[in-house]
Amino acid sequence: MKAVNMEDRLREFKESQKNRGRLLISCPDRPGIVAAVSKFLFQFGANILESNQYSTNPQGGTFFIRLEFECPDLAAKEAILKKRFEEVAKSFSMDWQMTAVQNVKRTAIFVSKELHCLRELLWEWQTGDLMTDIVMVVSNHEEARETVESFHIPFHYIPANREIREEAEAKQKQLLKEYDVDLIVLARYMQILTPSFVEAYERKIINIHHSFLPAFVGAKPYERAFQRGVKLIGATSHYVTNDLDEGPIIEQDTMRVDHKDQVQDLKKIGAKIERSVLTRAVKWHLADRIIVHENKTIIF
Amino acid sequence: MKAVNMEDRLREFKESQKNRGRLLISCPDRPGIVAAVSKFLFQFGANILESNQYSTNPQGGTFFIRLEFECPDLAAKEAILKKRFEEVAKSFSMDWQMTAVQNVKRTAIFVSKELHCLRELLWEWQTGDLMTDIVMVVSNHEEARETVESFHIPFHYIPANREIREEAEAKQKQLLKEYDVDLIVLARYMQILTPSFVEAYERKIINIHHSFLPAFVGAKPYERAFQRGVKLIGATSHYVTNDLDEGPIIEQDTMRVDHKDQVQDLKKIGAKIERSVLTRAVKWHLADRIIVHENKTIIF
Amino acid sequence: MKAVNMEDRLREFKESQKNRGRLLISCPDRPGIVAAVSKFLFQFGANILESNQYSTNPQGGTFFIRLEFECPDLAAKEAILKKRFEEVAKSFSMDWQMTAVQNVKRTAIFVSKELHCLRELLWEWQTGDLMTDIVMVVSNHEEARETVESFHIPFHYIPANREIREEAEAKQKQLLKEYDVDLIVLARYMQILTPSFVEAYERKIINIHHSFLPAFVGAKPYERAFQRGVKLIGATSHYVTNDLDEGPIIEQDTMRVDHKDQVQDLKKIGAKIERSVLTRAVKWHLADRIIVHENKTIIF
Amino acid sequence: MKAVNMEDRLREFKESQKNRGRLLISCPDRPGIVAAVSKFLFQFGANILESNQYSTNPQGGTFFIRLEFECPDLAAKEAILKKRFEEVAKSFSMDWQMTAVQNVKRTAIFVSKELHCLRELLWEWQTGDLMTDIVMVVSNHEEARETVESFHIPFHYIPANREIREEAEAKQKQLLKEYDVDLIVLARYMQILTPSFVEAYERKIINIHHSFLPAFVGAKPYERAFQRGVKLIGATSHYVTNDLDEGPIIEQDTMRVDHKDQVQDLKKIGAKIERSVLTRAVKWHLADRIIVHENKTIIF
C-alpha cells in the first residue's frame, strides 16, 4: 500500500479546523435553553454552523442538543469559554462537553485474527475519511502485524485468554496510558474485558457483533442462521458495558441472503456488514455526534 | 372503494394461463435429473419457460428444481401427465408437485383487530397483483367486517380465545372445508392455533410477526426495542409449525428508525414492514415458488 | 372502504396541536441569528421542540433554520408574535414564515386516469398519516370519481386538453379559490399547466414523474428503458415551475429491476415508487419541512 | 499491505474447480432445448449444479440459458465435449460458449489518477473474492504505480491523450497481446478509446461512470447535480461500445444524498457507489453470468 503522509494531512486538518468547536448538552427540558446557549456563544463571537436537538418530552423530559460552531481564536478562548459556560450549565443542570475539533481523538484498535474491520478502518483512515490519530493496534495474535506496520502504526502483541486476562489488561492499560488514548475500537477482538477495564473506559469502547432476526444466542450463530434459512443477516455496533453485548446501540444494518448462501457465504456477507457498521459508529463517535441517555444513543 | 369485477379478471387470467403448468421437485442429487425431467416434458410438447434449481451438495445432497412450462391442451393432458410422471419420480425418489396455473389457489385470511396486513392483501388483490381467490375472511373481532364486505368477500365472525379455542377451531375448520381453502394467511390473527389445526394445514398457513435485532422475546417488544434504542426494526413471515414462531422463514425485511421515533412510530413502521413482507411471502406461495426443506425454505 | 370519521380526527388533531407553531427562516448568514430567534421565542414563553439549521457557507452564505415550538395560548398570541417578529426579521434581512400547526393545510389533488398515486394519498390520509384537509379532487377523466366519492371527498370533472387549456384552468382556479386551497398535488395529472397558473401557485404545486439512469427524455420512456436493460428505475417529486420537470427536487427513489421484467412490470414498479415518493414529498410540505433556495430544496 | 501468496491461492482454486464447467447459450426459443442440452451433459457424466434460463417470448422469441456443471475428468474431455456439442448447437441455431472454470480469466486494469475503483478491485482480489489473474495495470499517470507494485502486479505507464491516442493504443494492444488478456476493466480510465480498439475487444471491456436522475450530460456533472439539489446519485457499469457510454448496462446503483452534501461530498459518495458497482459487474463477467442480447444484458 502506498505510503501516505498522514502527518501532513493531520496538520492540514487541524489548521483548517482551528476555530471549530462542538458542544454536546443533556439537561432537563424547559423553555430558554436554546436561547441561553446561543446567546452565550454569540457573546464570544461564535457562529453556529450546525445545530440538532431532541427532547424526550417537552414537559418534564430530557433535552439534548449538539452545536457545531466557528469561534475566532478558539484556541486562545477555549479555557475561558469552558469556565464561563459552567454558569449557564449550572443554571440548567446540564451534563455537557465542549470539544475543539482540532484536538483530534487518539484511537487504539484491538483486534484478534479476523482483519476485515481493522482493514476497513485503516482504509478509511488512509483516504482521510476517518479523522483520528490511530496511535496503536493491540492484538492477541500476530495476524495483523504486517498490515498494521505497513501503515506505519505501532503494533503491540499482547497474548490474552481467560487465564491471563488481568495480566494482559494490565499491559493494555499501561499502553493506553502511554499513548493517551481517547477511544478503543474492538474490531473483532475476541476477548471479554473485565468489569474494571470497562469501567475505566466508560463510553469509550466501541464493539461490533453479528446480529440476526431472530437472534441466535450462543455458539455457532452463522451455522444456526443457515439451518433456519434466514433471509437477512446483520450487525450491531454498540458501546461496551458490563452487560455483555447489551450496551447502548450506535448503529445496525442488515443485508439480504438466500438459500444459495452457504455458511461460508453468510460469514463473508456478515463481515461486509460488520466493517461498514463499525466504521459508521466510529465516525459518529469521533465527530462527537453521539449522546448516551440511559441505555440508548441519540445520534445527531 | 370502487367495485372491481374480480370475477371477470379471474376468468381472463384463467383463459390466458390455461396451458401453463408448474413442477416442483425435491430429490437426492445425482446426474441425469434435469435430463430426465426435460425429456419428459418435451415428449408432451411442453416448452420450459422458466427453470430454477439448487442443490445442497452435488455429492449426496438434496436437489430442488422448479419448472414453469407451457403445454398445449394442458387441461386435457393434466391427468395423464401426472400419472406418467410418477414413473420418472419413482426412479429418482422424488417428492414432487405439479400444478395447473389456472387452478387459482383459494385463500382464507384470518385477522384480529389490526387491519394493516389485511388491507394490503385486499389492495394487491384488487389491483390484480395477488392472483388468488380470497374466499373468506375470518375474525375474532368485528373491526374488519365493513372493509371486507365492501370488497364483496364473505366475512365470518368467530369469537376465539384460550377458553373456547377448540370450539372456535371446529367452526373454522367447517368453513375451511366448505370453501375448499388451499391457503390460510394469518394477517395479524392474535390467537394461537392448536397442534391439530396446524397439522391439518401443514405448510398451508403463513404468519407474520415483528422481528428485531436483537429479538425482544415476550411482552411489549416495541416498548423494549424503544428503550434499547434499536436502529432497525423488522418483520418475518414464516410457515406455521407447532414450534411457536419457529417455522420455516419465507421472507424478512427491516427499516431504519432513530431516536426521534417513539413507541407509536416504531409500531407504525413495524406495520409498514409487516404488510409488505407478508404480501411478498403470500405471492411466492401462490406462485408455487417455495419448497420447504427441513426447517428452511428454498425460494425460486 | 370503511367510512372513517375524518372530521373527528381533524378536530382531535387540532386540539392536541393548538399551541404548536413552526418557524421557517432563510437569511444571509452571520453570528447571532439563533441567539436572536431563540431569545424572541423564549420571551413569549415558547419551548423549542425541534430545531434544524443549515448554512451554505458561514462566511457570506445563506442560513436556513426550521424551528418547531410549543407556545402557551398560541392562538391568542399568534398575531402579536408575527407582528413582533417582523423586527427581528428586518434586522437580519430574513425571509420567513410562521405557521400554527392547527391550521391544517387545504389540499386539492389533480389526477387523470392512473390512480395509484391518488389511492396512496387517500389511504395515508385515511389512516391519519397525512395530516391535511383533502378538500377536492379534480380530474379530466371520470376514472377516479367512484374511489374519491367513497371517501366523501368532492370530485370535480373538468375536461382538459391542449385546445381548451385556458378554459379548463379558469374553472380550476375558480374551484381552488372557493375551496381556499393551500396545496395542489399533481398525482399523475397528465396535462401541462400554463405559466400563469403555475405563477399563481408558486411553490404550492407538487408533481411526480418517472426517472431513470440515464434519463430517457421524450416518448415511451419505459419502452426505451426496457430496451436498454436498465437495472434501476426511479421517480422524482418536485415543485412545479415553468421549466418543465425542472423545478426544485423534493424527493427521489429507485428500485431494482432485472432482465425478466417486461415493460408492463417496469411500469408497475414505477407506479410503486411514484406513489411512495410523492407521498413523502407531500408529507414534508405539509409539515413545513421544505425551504426552497434557488433551484434546490433544503429538507429539514 | 501484507503480501499474500496469490499464486498458491490460484493453484488451490484451480485444483478445487478442475471438473467445473459453464455453458452459456442463446438461441431461438422452441420446445426441447433444455431436454437436448441436459441429455447431452448427462451422456458425459456431468451433473448440473446450477441452471438459469430466460426467454424473451416462448413463441418466436430468444431463449437464454446458463448451466454450471461438474464433469469428471473435464480437462481430458473438454475438447471432445466442445466438438460434440457443435451438433446440438447447430440443430438449435445456438450461439454458445463453454468454459472450464479453472481457466481463470486474465484481466488488465486501466486507470488514470483516481484510484478508488482500482483499490476496491485489488482489495477484493487479495481477499480471494475476485477470482481472476490481474496480469497488469496500465495507466496514463504515475499515481497508481506504488499501490499496484505493492501487490506485485506489473504496472505500465503509457502516456495518453487526444493527440497521441493511436500511439498509446498501439502500445496497449501490444501489452494486451503479450499478457494474453481476456478482460479489460476501465477503472476510471479517463481516455476515450478508438473504434478499432473497442472492436478488437468487443464485450471484453467494462467501464464505470457516474449516473444521476436526471442525467447531467456534459461537463461538471457533480456541480450541476449539486445545484439542482438531487436526492440520489448513482453509477452505471456497462460494456464499452462505440456509442459513448451507451453500451449494454451490467449494473447500476444509487445512494441518498441531501442538501448538506457539498460537491466534494457528492464526489466521495459517487466514488463509493462506483467502486461497488464496478466490482459487482466484473465479478459477474468473470463468473460467466452475463449474456448480451441486442443492447441489453441478461444476468444469471
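For clarity, chains are labelled A, B, C and D in written order, and residue numbers in each chain start from 1.
Everything that follows uses one rule, which is that a residue touches a chain if its C-beta (ideal position, glycine included) is under 8 Å from a C-beta of that chain, and two chains touch if they have at least 3 such contacts.
This one's a predicted model, so the numbers in the text were calculated from it and none came from an experiment.
Chemist: Quick check on the contact graph: shortest path length from chain A to chain C, in steps?
Modeler: 1
Chemist: Relative to chain D, which chain has the most distant C-alpha mean position?
Modeler: Between chain D and every other chain, the largest centroid distance is to C.
Chemist: Taking each chain's centre as its mean C-alpha position, how far apart are chain C and chain D in Å?
Modeler: Centres of chain C and chain D (C-alpha means) sit 43 Å apart.
Chemist: If you average the CA atoms of chain B and of chain D, how far apart do the two points sit, in angstrom?
Modeler: Whole-Å distance between the two chain centres: 38.
Chemist: Taking each residue of chain B in turn, which ones touch at least two of the other chains?
Modeler: 54
Chemist: Spell out the part of chain B that touches chain D in their complex, as residue ranges.
Modeler: 29-35, 38-39, 41-42, 45-55, 58, 70
Chemist: Quick check: in the complex, which residue numbers of chain B touch chain A?
Modeler: The touching residues are 54, 211-215, 217, 227-232, 234, 236, 245, 248-254, 258-260, 294-299.
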